[in-house]
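The structure is given below, and queries will be raised subsequently.
Per-chain numbering from 1; labels A, B, C, D and E assigned in written order.
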Amino acid sequence: MLPLISFRAIAPGMALAATACLLLLLDLLPTRGRKDHLAVVGLAGVVLSMILSLGLWGSDERAFNGMVRLDGFALFFNLVIGFATGLVLLLSIDYLRRQGMESGEFYILVLFSAVGMTLMAGAGDLIVIFLGLEVMSLSLYVLAGWFEGRLEAGEASMKYFLLGAFASGFFLYGIALIFGATGSTNLDRIAVAVAGGAARDPLLIIGFGLLVAGFGFKISSVPFHMWTADVYQGAPTSVTALIATGSKAAAFAALLRVLLSALRTVQPDWAVLFWGLAVLSMTAGNVVALAQQNIKRMLAYSSIAHAGYILVGVVAGGALGGGGVLFYLLVYTFTTAGAFGVILLLERDGREAVAVSDLAGLATRHPVLALTFSVFLLSLVGIPPTAGFVGKFYLFGAAVRTGYVWLAVIGVVNSAIAAYYYLRLIVFMYMREPEGSPTVLVPSLPAGLALAVALWGVVQLGVLPAPFLDLAQAAVIPLLR
Amino acid sequence: MDPEARKVIEMGYGGAERLTMNMGPQHPSAHGVFRAILTLQGETVVGMDAVIGYLHRCHEKLGETLTYTQYPSIASKTDYVAAMSSELAYVRAAELLGKIEVPKRAQYLRVLVGELQRIASHCVWLGTWCMDMGGALGGGATVFLYCIREREMVLDLFEALVGARLLYGFHQVGGTRYDLPAGWVQTCRETVDFIDRRIGEWEDMLEDNDFFLARARGVGVISRELAQEIGISGPLIRASGVNYDIRRAEPYSSYEDFDFKVPVETAGDCYARYRVRMVEFRESSKIVRQVLDGLPAGPISSRPGVKSVGQVRIPKGEAYARVEGPRGEVGCYLVADGSAKPYRMKWRGASFSNLAVLPHIIPGHKVADVVAIMGSVDPVFGEVDR
Amino acid sequence: MTDAVDAFVAGFIVLSAVVGVVTYVTLLERKFAARMQSRIGPYRVGPHGLLQPIADALKLLMKEDIVPRLADRVVYNLAPIVFLIPGMLIFATIPFAPGLGVADLNIGILFFLAVSAMEIVGLFMAGWGSNNKYALLSAMRAVNQIISYDLPFIFTALVPVLLAGSLRLSDIATAQAGLWFVFYPVIGQLAFAAFIITTLAAENRVPFDILEAESELVAGFRVEYSGMKFALIQLGEYAHMVGTSFLGALLFLGAWAGPGPAWLGPVWFLLKAMGVFLLVTWVRWSFVRIRVDQILAISWKLLLPLSLLLLMATALVVVLRSGPGV
Amino acid sequence: MVPESHYVALSAVLFVIGVVGVLIRRNPLVIFMSIELMLNAANLALVAFGQRHGTAQGQALVFFVMCVAAAEVAVGLAIIVSIFRMRRRLSVDELSLMRW
Amino acid sequence: MGSVIAFWILAALVVGSAVGLVVRRNPIHGALFLVVNLGGVAALYLMMHAEFLAAAQVIVYAGAIAVLFVFAIMVLIPGKEETGPDPLRAQRWLAVPLGGFLALEIALVLRSTVFTTSRSPATVPGGVEAVGRLLFTDYLFPFEVTSFLLLAALIGVMALTKRKAS
């Protein structure tokens, strides 16, 4: 029987994929090495995809024999992914040219990875999640090593690839075992089988464990985080931003969907597991971040810690926890993309300024940029009225409401620890004088635009979070039905 | 080949990794005993060292110990594929030194065997070159066998004339040692006509063959400047756009009597060298016919035939004689002291000078091109190493 | 259990027949090449040189078996066998007449393609194990070439599959009862031509024999082999070639179809296969070898798009022919 | 008839060997091959489970895994080869410019 | 009976080659073991009547993937084996407990109800038809995604190698 072929259901992803293919053709036009137009076209595709997502808001359907789901959850994540991709495209334009690594394939691969992310967000079947994961990862593996000729770039790419493929192996074996236990890879049918008693089957339990290992890698939660710092440091800063925001969001989307729609009936069982992962990630991430002297590495460990915070919402589950996760991912996307965007604009002695000490005295020479960076950092700490505060508030609030008080407490303590290393950056910017030649700002219109968008997001979500929170919670509802 | 296709290979073979590969002296396409030490980057040759001397037989020293009567037969052994030209160079040097007149008939006979030799030698060149490119187990072998068949017919002619098939001793100081046997002229005409037709067949077979063209065109380009700087000669320099042929530039042995064309190509690649030689085939047979038509009667030598080894004595002095061999300028430098043996002799082998161009043109080509270029240079190592 | 015995017996018979055919195919090729080159060819051993292959085999068996001191011994020694096995296995699925074959698998042609792709492993082991630069370079070339030509080879072989609507080789043969696929308008001829070209490449015959290119790489991957092992490699190569010829005859020339009683079928099949073989041989003895980069360019720029288009065109034809509703 | 559980057990053994291989080897190519071993084990399990459940779905899934494996190999080998061109020695542990 | 013997032989072959791959220091030998392993698994597919997969396995894995591995190894380390001091990778000690843990899991897996309940009697059609039909109906969407995945990989590899040429 032919499945229901619904282009509606895959419209946002199709828009991205079509744009990527269009870029492939456009890349062939002779343009004397300038590739800006590709980024602009790519951006248009991203915007189109986001508009389509908004236009489809409220639909809830299944297509292709349950392989694809079109629901608020998928659409919300399409928006998050759209923001992440769009910001990264904007940030990359001048940055790549500055590094002498401009090439049409970069933008194409960014879009390819975005397609993979939307696939993961809207997947109704484990095999689609797996394929989406691979589309995303393969593109990111290449992008991570984009700065060819730099040792750390190659190492980042290779480490990312080897560990990523290793994680895929676990993920796949997990799928195989779940298929064995339930006779299907479709999330709905798995849910039926789980409700029907397959939950106690060791096959399912082990399979699910392996699946979590695969997800854990992508969300960089401890103990699957080994790659994070190296890749964040070695990859081009704009790619780092994509890995930190889009790929993490997509992985959380798939994880959340599996947990909430297929395994909701056994929530107490997996909640314990994620409780442990959340605590480990938060604590380990923050503690190690304290010792970092490289801003990109520091942000990498911060991202591990944030994976822990988000996992708190996963543990809480339900509309409240799920909604908190979605909202926080949106916040985190703006904040992190913004923070990496600031770093990417700084140069010292003709190389990227990524050391903490490079920030010294930034406030006196570039007050606007320093202020922007401070806002992003404060949001990462979670200080009102930034978006980070609201996000954390709802995550920990959901945990408290569902009875995980200790988890919330650990989260808050961790936030306090984290404040130290974020604020240290602000201290450097405002209270230290630079040694040697000062760090300079490389002006770039597209990147400025990206920073403005990110800043708007952080402030908007911090000051007027309510409509977005409602949206996030509404998005989770379909999963819980 | 367009550069895109080259890139595919470079990508596949590990980039910076360099491999040193020894080609020869024991190698199917070493044309004897040439040794090329190739530095490969993937399939691409990035450096080449040529090693020669594996066939050194002290030929020049030998020349000092043998008399003017003895040596012409030994001169054959320098370039054993075109023995007639080497013999001629030697005896001409001796004649210049001794101011010895050569009868017209002998001059014509010398042109006759010289051009037949050119045909035979080019046959070997075409066959081996195709075998280098096409393999002993492929189309190359087919061409080789065809060419060898035709060369055999020329060798049959020489056998009827001299009694030997490879190393002749046809020339002697003052003329030639043998006159044409009865019926030889007719056989010769038929052979030349037959080979002319066969050359047409080869051209059809090769020039309509895209694979052959792909291997020959644009490969191993020798620029005009390089050709002149290195001092290559013969078909090689003519393929690089230099109109230089000793038969024309400095006629010897009555070449001025004959009407022939000196083919010149400008591309300088293997295909141009191939074209030059293919035209030379035809021009040679044209000359052969003219010789047969206009062969004057008379003595074949201004000196008596060979009676004793020491009968020729050349007065003191020195001379350099050169002739246009199939491979280019074959020169012989003689220093005489008045005795029956030269005091010093020196060969200028065409292959030796031509070979010197290889290290300049081979880097940048693929391994497979190395043998194609080598073959198109047509070296004979008896002449290189002497 | 009897099934197994039957299969074993059938396998044994086919294997013996294959070895016999392959041995004499070398003589056929040598005679054919000799004719092309105005020679006589082998003539001394037996009447008209008929015993020459046997003499060759005996000679090779008695020669000294040399293993280079620095060779990777295990790999080096295993390589000829690994090389030979696929050459023999490909005959397992070929039906020589209706119902006459070792195993008429329902994925026959896939089995054939899969097994013949395995040849590269043995080749590689030989190239690596010899610890010789010529052999190494040859193995590298082999990978480049075989990976490039596997795709067009598979695509062209799939054209008859589409036309016949089955992967089973006997079905493909019977589907040509009316019209041999080579006579199928346009598609048939193009596919057959592409098949012959890719066959040349897959079997490493001139003009695609860069991996043994004796004027450059002396003998390529088998430069260090002698005696028995050399014979095995040679046998494997010819077996592969004969097998592919049978495949070509089966896919395009109607297999056992031909005038005369049914029992003549296998004879017809053999004749057609030999026809394909001689076609390949004819090309082999009249072309010069081309360069690696040119070979790859031909594959990627010409054959691959062509075969892909051909496959799509065939699919279109099949759909149009059978009408909607499939 | 061999029960499917045997195949699953075999696949699990393969998987474990693959995991151990990834962890104890230093050569990225060998690590990568071990990962292929893991994927292969998953394939075997998928087919066996499909057999157990009486559906060809398992085989369809394996088809996708094969495609993924092919894509991964292409990208992975390109990455490894390109980084190796930068550095002569090829060992994961030596990539310690950056530490954990 | 015959199939049981065949299974054990193949199992031994597959496990042995896998161990060989992990243990041998020479990566080329490892790659050749990989070929053996993949071939063995293909034979196991045949035993489960998944003929199509068996053929695909040989063509894709043994024919292309394993060969690419061998090729990469030959390009990168001609003749060299892993040598030099072992810098003790941080997580290497994990191998033993993890291996043991996973082995324990196998034991658990085999006690799954899936194997203890009675088996569905229908034999699975393993031919191309069954798989093909599934691919173009139920799995149509993943099938199309696969083509996209391959395109992404293609572009990625091109991007990686193109920059090298320039």
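Quick note on the criterion: contacts are C-beta pairs under 8 Å (C-beta built on N, C-alpha and C of every residue); 3 or more make two chains touch, one makes a residue touch a chain.
Because the structure is a prediction, the values reported are computed rather than measured.
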Worksheet, complete the sentence: At minimum, the number of touching-chain hops separating chain B from chain C is 1
Practice prompt. Treat touching chains as neighbours and tell me the shortest step distance from chain C to chain D.
Written response: 2
Worksheet item: Taking mean CA positions as centres, which chain lies farthest from chain B?
Response: A
Worksheet item: What are the two chains with the top count of C-beta contact pairs?
Response: D-E
Worksheet item: Rounded to the nearest whole Å, what is the centre-to-centre distance of chain A and chain C, using the mean of the C-alpha atoms as each centre?
Response: 52
Worksheet item: When the centre of a chain is set as the mean of its C-alpha atoms, what distance in Å lies between chain A and chain B?
Response: 74
Worksheet, complete the sentence: For the pair chain A and chain E, the C-alpha centroid-to-centroid distance in angstrom is 30
Worksheet item: Distance-wise, how many Å sit between the C-alpha centres of chain B and chain D, to the nearest whole number?
Response: 61
Worksheet item: Hey, what residues on chain D touch two or more of the other chains?
Response: 8, 15, 18-19, 32, 43, 48-50, 52-53, 55, 57, 64, 68, 71-72, 75, 78-82, 85, 92, 100
Discussion item. Where in chain C do residues touch two or more of the other chains?
Written reply: 140, 143
Discussion item. If I count partner chains per residue in chain B, which residues reach a count of at least 2?
Written reply: 12-15, 19
Worksheet, complete the sentence: So, in the complex, the side of chain D touching chain A is made of residues 8, 11, 15, 18-19, 22, 28, 31-32, 35, 38-39, 41-43, 45-46, 48-50, 52-53, 55, 57-58, 61, 64-65, 68, 71-72, 75-76, 78-80, 82-83, 86-87, 92, 95, 97-98, 100
Worksheet entry | Residues on chain E engaged by chain D in the complex (per definition of touch) | 3-4, 7, 11, 14-15, 18-19, 21-22, 27, 30-31, 34, 37-38, 41, 44-45, 47-50, 52-53, 56-57, 60-61, 64-65, 68-69, 72-73, 75-77, 82, 84, 86-92, 94-95, 98-99, 102-103, 105-106, 109-110, 114-115, 119-126, 130-131, 134-135, 138-139, 142-143, 146, 149-150, 152-154, 156-157, 160-161, 164
Worksheet, complete the sentence: Listed in rising order, the residues of chain E that touch chain C in the complex are 2, 28-29, 32, 35, 39, 51-52, 54-56, 58-59, 62-64, 66-68, 70-71, 74-75, 78-79, 127-128
Worksheet item: In their complex, what parts of chain C are in touch with chain B?
Response: 33, 36-39, 133-134, 137, 140-141, 143-144, 205-207, 209-210, 212-218, 284-294, 296-297, 300-301
Item to complete: Write out the stretch or stretches of chain C touching chain E in their complex.
Response: 1, 4, 72, 75, 105-107, 110-111, 113-115, 117-118, 120-121, 124-125, 128, 131, 136, 139-140, 143, 146-147, 150, 154, 167
